[in-house]
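Two complexes, one shared chain (chain A), two partners (chain B, chain C).
After this line comes the complex of A and B, so read on.
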């Protein structure tokens, strides 16, 4: 058995069908976590198997795919996933956010505003936002069913009492369609507003925890906040990208390996590259923030 | 420019080559998969169990590829398993009909059929056998020839089928009866037994889901949790009613002919039934024992005992210890999931850490403002 033929997009058709059905359910109930029979993939649990199963279930031969990890197309894990999907589908790949039909991502939403018809697949380590306050799955499912989010609100309140602000940096809790509290995956606060009333379909996959959830286009997605302690995104005021000069993108802090000096660069490498090439500079604008 | 991030594809392929180089550069002859199958029998069994696929040749291949890391090898099997369609469900196998290699009871000295020690390391002295360094083909052949001539005849003379020890107590009405499934209709196995490879775990977990999760659990994790219960975090004292290792036939319904069955092969299993006293608050009811059940592929006795212990521990109505909490146990014993997630922290978390830095600085700025 030296040569073994894998089917298109690796998963067998029964599995794809199951995942597509679960996705439909997830889209129909925005923010609700749908359990699914998550399969073991040839990449490790915790390395994007949930997102990967979704991507492989929705992809068709003509789709153009982009894969990013922490905003970067060339990050090792993004490369690894891309090579795998390329091998099992033969589909076209791109780095260009606007050219892609499907983007699979870990911990970032691209800076460029995604459009109607595009799908963003997010890899999710912890699908359960109530895990901050409740370890038991049985109990958190009850809490969601009864829309009992008191513990979460108290947690946020106590955070303010203790620290003067809500200390959650990524995985900031959001309320979807006024019904379900949801974990937006470990995107920074900076990306949370991009989920609100978006043109794009967001699909979330947690492989290890075996959950799928979704935010359909034009859905209300609001961060949990108090009237007197409003939600704030990360503050990069006075800082800009060393590469493209951007002052309104999410920046990674990094150190010059020679001088040890601290500087900032765009976490979204495709956005950064597009901006620094003069030809396209004028076209590329960051997504507007409004909440 | 992206020092830490760029050049990923090249880095990966070079790392892969280096890995291969480290596996090969010792100048010894490559291990044959068959050698692993024959001589690393217990590793193969462990990998088949945790990989949830009964395929000794593929398990041996996985062990070779993973350079002996059994968790990694089990992961390889699982990933392969995902590509296989679910074609059929066997009818329940009867372990009472097991072709025994080994069978012991710690509860009774004399059991019908007798104790049958079989291949076990239990009563060997754990002294390094330096002779194995010099072991040759000739040694191995001589030993096997002599053994087959003298001892094996005697072994083959013993009966291969044994009655089950638990049945002795069951006949006396001393064993609590367990409901197999909540669903009454047993006409279709496929529709009435949950399958954790097709559905996510839900709680309270059905018995089928519990058993399946435990059967593919990672031996070390299960041992640690079971040990915690035996030692003091909980109170299961697993008296081993019976431990048996042997071959069981798997039979499937004939795909075309109704009411006919086909034997598709046999698999090696370790099965353990532990007997524990149950505390029944009802004073009028009879005092009884309850069973804890453990089963896994191959010969892996620690795992089967741990499984039986956890099965028993998880019946606690009000969990007072980790091993009694089904969510705690079932969510954390899967080696493929646990190892994957533990390893994933090696992935870049630049964005997350930046967000954390931002919060910490914000808090400190506010606090230093207050102090002035």
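After this line comes the complex of A and C, so read on.
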């Protein structure tokens, strides 16, 4: 730590206590948005302050931390958050999904299946899923209290009318534990099924909007869907990762700036690197054997 | 004859007893110091407005009951109380199709009230902006009511919406258009289609033809009569216009200053009005 003395994990103990209490409430009522006193952080609101405050409140000296942004460990946002947390905690950091105790993420859930005991902290820009259909906060609170989600359903209906399918690509509305409609944060549809009956604890923090919510392990998390217009994940059939050849991961489309050729790559860089290294090994092995 | 009357009484679909709504702080004498005999609905003691009081009536199955009175007589308040848009000061209401009329509707939790509103009631307001969401399509508005009544199959919702548009004589080609671009008469039809969507046993109509031109008025009234005959839905029809009441309602309640001053068969009231206010109303018909 530099010349300034901060308490472990930057936040003062009273703040951590408040956030932990709010987290307990959030876990006790899956999908319910708990208001919390979002503190001023050394990054701008809307850049992950909600997730950051949760991470700093739950982290202990022995926890190994991983931070990703859209699946990538090395993007600017992830790097800056990692440096900051490393500075104020001195904890060990990792890129490995399976090695981490806590993973803070923006807009993705890792490809590798997370286990019991791991915590995934998601950064949330807009916690209120009903905001699409209802501008008033008082009204959305009433709607949640009465489980009145008709307007959200009509939103899906209108989508099918207009486009012949549900076109929501991220922030797909889910019902948690059959009770609360919830914004799963801007993860792609591809990641939504990973929330259902998971072994992992999911914590959601919206710093700007001052809300915390959670999905405890083994909770039903089901996407809103009509009986005859079901929820579908993104279709990557016929496409594979240029680096590791994966055909069952979430792929980002990009292009070669010289040749202009389009290609696809895993969005989860750690998953991709792990696969590439094992593939290289297996590729080398048969060659050596043939010699 | 007597047995039949008794049967009817048992079959009363909706029973309303002693309904009262007071705006303001209210005192013990509010109800006694207001009403048609006192010549107003503002309590001289505490200044509260008694919008309606001592309202009791029944609606039988398949019957249209008209409520007539000048503006400010408490007609719309009555309908809003029954639709749970506002909460009453006191009073009870029992619905035959909800727990065999054993439970007072006005005392239920908000969730249960919403369930009843979605499953048992349909409402058509005077102003379509109250009853419709103008930024949802016409079909979406009908879908909202159906989803509220637990329809989760897009095809079925679409089918039912189409059926309702045919029933209310709306062009099917407009199903995906926004009602804000519709004419007043068409908006009223969409409201009626929405209100009928889940086959409610009771339909509340609040000044449905007010503000429409005469030919459209006649069409809407015809439509309501047709619906009542074919679907046997009970209706509570509020209007300030005796002509509308005469055309549709079998029985009529006359209201003034928040009280019922006269009630009975519509024909009887038209031919032989007892209360001076009713006489005045009928004499002032064009």
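Here, the second predicted complex is superposed on the first by the 275 of 291 C-alpha atoms of A that agree within 3 Å, B and C clash if a C-alpha of one lies under 4 Å from a C-alpha of the other, contacts with A are read in each partner's own complex, and residues count from 1 in each chain.
Operating definition for what follows: a residue touches a chain if its C-beta (ideal position, glycine included) is under 8 Å from a C-beta of that chain, and two chains touch if they have at least 3 such contacts.
Predicted, not measured: the structure shown is a model, and the values here were computed from it.
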Joint occupancy of chain A by chain B and chain C, clash or fit: fit
Which of chain B and chain C A:83 touches, first, second, both or neither: first
Contacts of A:37 with chain B and chain C, given as first, second, both or neither: first
Which superposed partner A:146 touches (first chain B, second chain C, both, neither): second
Superposition-derived comparison: chain B or chain C, residues of chain A touched: B
Chain B versus chain C as contact partner of A:277, first or second or both or neither: neither
Chain B versus chain C as contact partner of A:197, first or second or both or neither: neither
Contacts of A:227 with chain B and chain C, given as first, second, both or neither: second
Closest approach of chain C to chain B (Cα atoms, Å): 10
Intersection of the chain A residues that touch chain B with those that touch chain C: none
Complex interface listing, chain B residues touching chain A: 1-9, 11-12, 75, 78-79, 81-86, 195-204, 327, 331, 336-337, 339-344, 347-352, 354-359, 362-363, 366-367
Residues on chain A engaged by chain C in the complex (per definition of touch): 146-148, 150-151, 153-154, 157-158, 160-162, 226-229
Chain C - residues contacting chain A, complex: 110-111, 114, 133, 136-137, 139-140, 143-144, 147-148, 152-155, 157, 176
Residue numbers on chain A that touch chain B, as the complex places them: 4, 6-7, 10-12, 14-15, 18, 35-42, 44-47, 49, 69-72, 74-80, 82-83, 106-108, 125, 135-138, 163-165, 167-170, 186-190, 208, 210-211, 234-235, 243, 250-254, 257, 265, 267, 269
